[in-house]
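Below are two complexes that have subunit A in common, paired first with subunit B and then with subunit C.
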Partner chain A sequence: MIFKMFPAAELEDLFALLAVNRIIGPISKGLNKDGHELFDFDHVTDFSHLKIAYTQTIHSAKKFCLPHHEETSTFTFTGDDWQKEVDFGAHQPLVLFGLHPCDINSLNKLDKVLMDSIYPNPFYGAKRQNMLIIGHSCTPQPACFCQSMGTDTVLAGCDLFLTLLGDDYFAEVHSSRAYHLLEQLDCWEPGAKDHARFRASIEKRSDSFTNTVDTSDLTKILDMEFASQVWQQWGERCLSCGTCAQVCPTCYCYGIEEKVDMDLSRAVKNKQLYSCNLIDFAEVAGGHNFRPESHTRLKYRYYHKHRGFVEAFEEALCTGCGRCGTSCLAGITVPEVIASVRGGSHDA
Partner chain B sequence: MTHKLTTKSISSKKGYTAKEQDIAFFEYSHKAEITNIYPLTANEKLYQVQIIDPDDRAAFSFKPGQFVMLELPGIGEAPFSISSSPTRHGALELCIRAAGNMTNFLDRTSRGTKVGISGPFGTSFPVEDMEGDDILLLAGGLGIVPLRAPIMSVLENRSRYGRVDIIYGAKTPSDLLFKYQYEMWKQFDINLDIIVDKGDSEWTGPVGMITEIIKRRVAEASGDDFKHRTSAIVCGPPVMFNFVCEILNHTGLPMEKMFVSLERRMHCGRGKCCRCNIGSTYTCLKGPVFDYWSVLNLQEAI
Partner chain C sequence: MTTKQTFLGVNVPKPRVAFFELSSCEGCQLQILNNEATLLDFLSMVEIVTFREGMTEKSDEYDVAFVEGCITRKDEEQRLLTIRKNAGLVVALGSCACFGGVNQLKNRFNDLNWVKKEVYGDHPIDTQEAKPISTLIDVDLEIYGCPIKKEEVEDIVVNLILGKSIDHPKYPVCMECKAKSNICLFDLGEPCLGPITRAGCDAWCPSSRLGCWGCRGPAPEANIKQLLHICNEREIPMERVMDRLECFGGFSESIEQLRRTEGR
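Right after this comes the complex of A and B.
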């Protein structure tokens, strides 16, 4: 891999080079009830709005390739016939500026199921391949358990990854596009001193994680504890509201709804991201529900993420970003749920 | 110098071929016409649905047990198992109960309605691997619907199979599907046993549980014949196939020779929407046809 260094002050120049495109980055969205600043990814037109030192955004950058709502196709009716028009919804390239490792890894995970498996999804893929991604190092927050999930560092999935070392950026160059961009900054080749600074920085970060999840043999333990009482206790707390899926950077399930225009000349086929915690997720025509109880749905969510996905792709469908726990109205967090399942039938 | 990115297009919209790995395949549906509607009972109708383009129709090939996604533009899209013979290609027969929004709309459509068909999707009953075996085809209620394609396959290749039994249980005589075909099945040297939970004034056949007939059929077999030379397909509600498979399991018939077809909600059929997942297995990709060993390993399948 090619590494470069450049003065941190030149981040603005990097932004300016890319500003001819639409740039998505972390910006401030006000304060929460405790007075902490809230961040989210949005369009950034002015570098001064970019909050590159953000803690964590409310949503991940998933929404820019997997929107919560999407019109997948339209039908036009003429007489007793119809025509279907499909729009993959990739109208312009996007620059994602300042993604943390967990959010880059979440897109890598989504790629596996949405692009690299049978029936690749063009709505996702068309947007995904029109992205330039600049990653940025982060400071572990109390809810973060990405280290346990192996998603605290980035091996692929971005063009450039930046680690702040004092007044300089240490840049990992992942693509030729990024290489050409850096040619226009005052870069230098990192030397032994820079390497030492980088190592010290990643060690310090690595030591600052406070939250962990024990994932060893988790697929087997989940099978063993399928009938555990623990699930029911979590199910009683779960409100089945689906907030966890809305903020999750790796959830991709959805529902399709078709709607006919008032004048019956046109119809649309809408896709809406769903949540397996919502009551009708597995309900079939005629009214039978395969998961009528809250705990069976909550359990399924853990099964899909920490067992099924591991079986299929040898990694969990969870980046350990902790957003689901932070947003959960009932205060349910992944580390607590998994610890209680591992512990058997107590401590929920 | 600024760095303007160019939009990459994911595929050309014209001239693509509808192959599984082709990116344009995802939202592609064949335009098809409902050419005939045949009422089977008060709630179920048989829809003959023909892919309109003759080349596409001929090229459409499926295996018994697979399903299609049927789309009614503006109303919805749902999975239906194909009830016709694979030799009919894209001239499909779908047996559909008016149960939900979309199927109730379908119930009110008439011949000539244009619909969308995509697929075929999912796994199939390995009827070719079963050649040489005695075949047990066991259906409870609507389970006869996914069973009809393998029945057709076995009928059309009758010389390749030993004894063939269809054992079919329904709630009442008026719930029985495909009545007009029973005589034909019998003439193709198939043992047809039909049993109902509750008879009516005209019913002269047996009344009771399907398991009774299956137990009798198993008991008739001499020695180890049954477990060594039988393949079974069991379609019905989970409580039914669970009981039936346990009876068959008891005979020593390998679980890899018993097949079931599972039903779940689906919004895509392509392993993306997650609505059909059982535990963490996609019914649309790893199913709907599973062998019984796989079913036993699926949490929350039964």
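Right after this comes the complex of A and C.
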């Protein structure tokens, strides 16, 4: 691994170097009712709008390679003939500027399903491979439990990872593209003193997590607690609104709908991200619904993320970003649900 | 005059369509006319034979009747029965036709004579309890919303012509709101019925930072009890939430049940 240092003030120069492309970064969305600033990822054209010291964005960055709505193909009809056009939607390179470790790791998890599987998804892959990702260190928030999920640090999946050390950035160079970018800044090779600062910084961060999930033997415990009453208790609270999946950086389930234009000369096949918590998620042809009750749907969301995916990929389909719990109006959080399941008879 | 239209070389019907209004503001019909960008396409897909908001001509020969508004008068009952007799397919257009709409707010008063007196004074008028049209006739299809969303009506009409199934979204407004990356209204301290209201409006109101009023009625899974608890936790006065739940009539059954069980 190549490490570099550069003055924090030069982040603006890095931004300017990349600004020939479309830059996606954290921006402010205003204040909530308690006066706390809300953040989200969006296009940034002006460096002063980039909120690099953001806490957590409401939505993840997945929508830039896995949009909520996507036209997967269009059909044009002439007489009784038709032509199909497919557009993967990767029209321009994107720079994701300032992603936290959880969000970089979430893209790595999505890659395993959507790019590295037997049937790769070209709509995802085309956009995903047309990205440059600059990671940025973060301060653990009360809802964050990435440390428990092993996603609090970045080993791969970005071009550059920046850790703020006072007035300087400690840069981990993950790609040649990033190396050449840094050549244009006033960088220096970190010395022993810089290494010590970096190590002190990551230690301090590691110690500052306040939220945890006990994942040890979780796949087995989930199997044992399949019939646990706690699922019913959480199900009673669940609004079945799909918000958790919408804000989740790793949920990728979807539905397909075909739509014909009014002049009957064109049709589109639309893909829409869906949620396993929605009432008709497990409804099949003929009308039978395998999971008509909200607690069964909620349970399967946990089984997919913390059991099935772990057995298939040796990691959970959860990065511990805490967004689902933060956005859930009913206050259903992963740490509390898993603690209650582990406890067996915990009050939900 | 009916011109043929085809889809992939196969003839498809061009239905004769009529629009009617009972007690309503006729805003849903205006929505149909509002979207000039697609109006001509809409007009070439169907043959409109009766449409008071847009034309003078009238006809009793139609395949599809779109009925806006609820029943509040005796003569409307007679009109509705005639429409049902004439039409192959009756579509309830908008929340008034589906649930009674804003008009059903008057049903909350125990003494309807008092209501009549209060509103119309000494001018006698034939008005009764506001009822959705399904209380009198069989309704083949309901299109929700106050007002309806033109794009949704267009999609439904295309599917009708092509013989495709017509499926309303079963998820609540939150799905559409989140897809638009809106800030949750609850984060801003506002009540919102989005988590329990049937989607399809593309989160119209929340996208303008106005919490949902539930005009499309409850989603198939509507955890109203939990939503009331959430509002209570956030110190949102219950009257504000009940105002919304009662506004369009879609939640009237659930409210009745709540009243019985919890004495609200």
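FYI, the second predicted complex is superposed on the first by the 348 of 348 C-alpha atoms of A that agree within 3 Å, B and C clash if a C-alpha of one lies under 4 Å from a C-alpha of the other, contacts with A are read in each partner's own complex, and residues count from 1 in each chain.
Methods note: contacts are C-beta pairs under 8 Å (C-beta built on N, C-alpha and C of every residue); 3 or more make two chains touch, one makes a residue touch a chain.
Every value quoted in this text rests on a predicted model; they were computed, and no experiment measured them.
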May I ask you to decide whether A:K29 touches subunit B, subunit C, both, or neither, giving the answer as first, second, both or neither? second
Larger residue footprint on subunit A, choosing between subunit B and subunit C, goes to B
TODO: For A:H68, decide between first (touching subunit B), second (touching subunit C), both and neither.
DONE: second
Margin query: Once chain A of both complexes is superposed, is A:K259 in touch with subunit B (first), subunit C (second), both, or neither?
Written below: both
Next item on the list: In the overlay, answer first, second, both or neither for which of subunit B and subunit C A:P335 touches.
Entry: neither
### Task
Could you tell me if A:G89 is touching subunit B, subunit C, both of them or neither one (first, second, both, neither)?
neither
(message) With both complexes overlaid on chain A, does A:G125 touch subunit B (first), subunit C (second), both or neither?
(response) first
_A:L17 in the overlay: touching subunit B, subunit C, both, or neither? Say first, second, both or neither._
first
Checklist entry - Does the superposition put A:D80 against subunit B (first), subunit C (second), both, or neither? => result both
After superposition on chain A, the subunit A residues reached by both subunit B and subunit C are 77, 80-82, 259-260
Contacts from subunit C onto subunit A in the complex sit at residues 5-10, 12, 38, 41-42, 44-45, 154-155, 157-159, 161-162, 170-172, 174-175, 178-179, 181, 183-184, 186-189, 194-196, 219-221, 223, 226-227, 230
Within their complex, subunit B touches subunit A through residues 1-11, 13, 20-21, 23-29, 72-78, 97, 99-103, 112-114, 116, 263-265, 267-268, 270-275, 277-281, 285, 299-300
Interface with subunit C, subunit A side, in the complex: residues 29-30, 32-33, 38, 40, 42, 58-59, 63, 68-69, 77, 79-82, 236-243, 246-247, 259-264, 272-273, 275, 278-280, 294, 327, 329-330
Note: in the complex, subunit A contacts subunit B through residues 16-21, 72-73, 75, 77, 80-82, 84, 86, 88, 90-93, 95, 113-114, 117-123, 125-126, 129-130, 132, 177, 180-181, 184, 223, 226, 252-260, 267, 269, 274, 276, 281-286, 290-291, 296, 300, 303-304, 307-309, 311
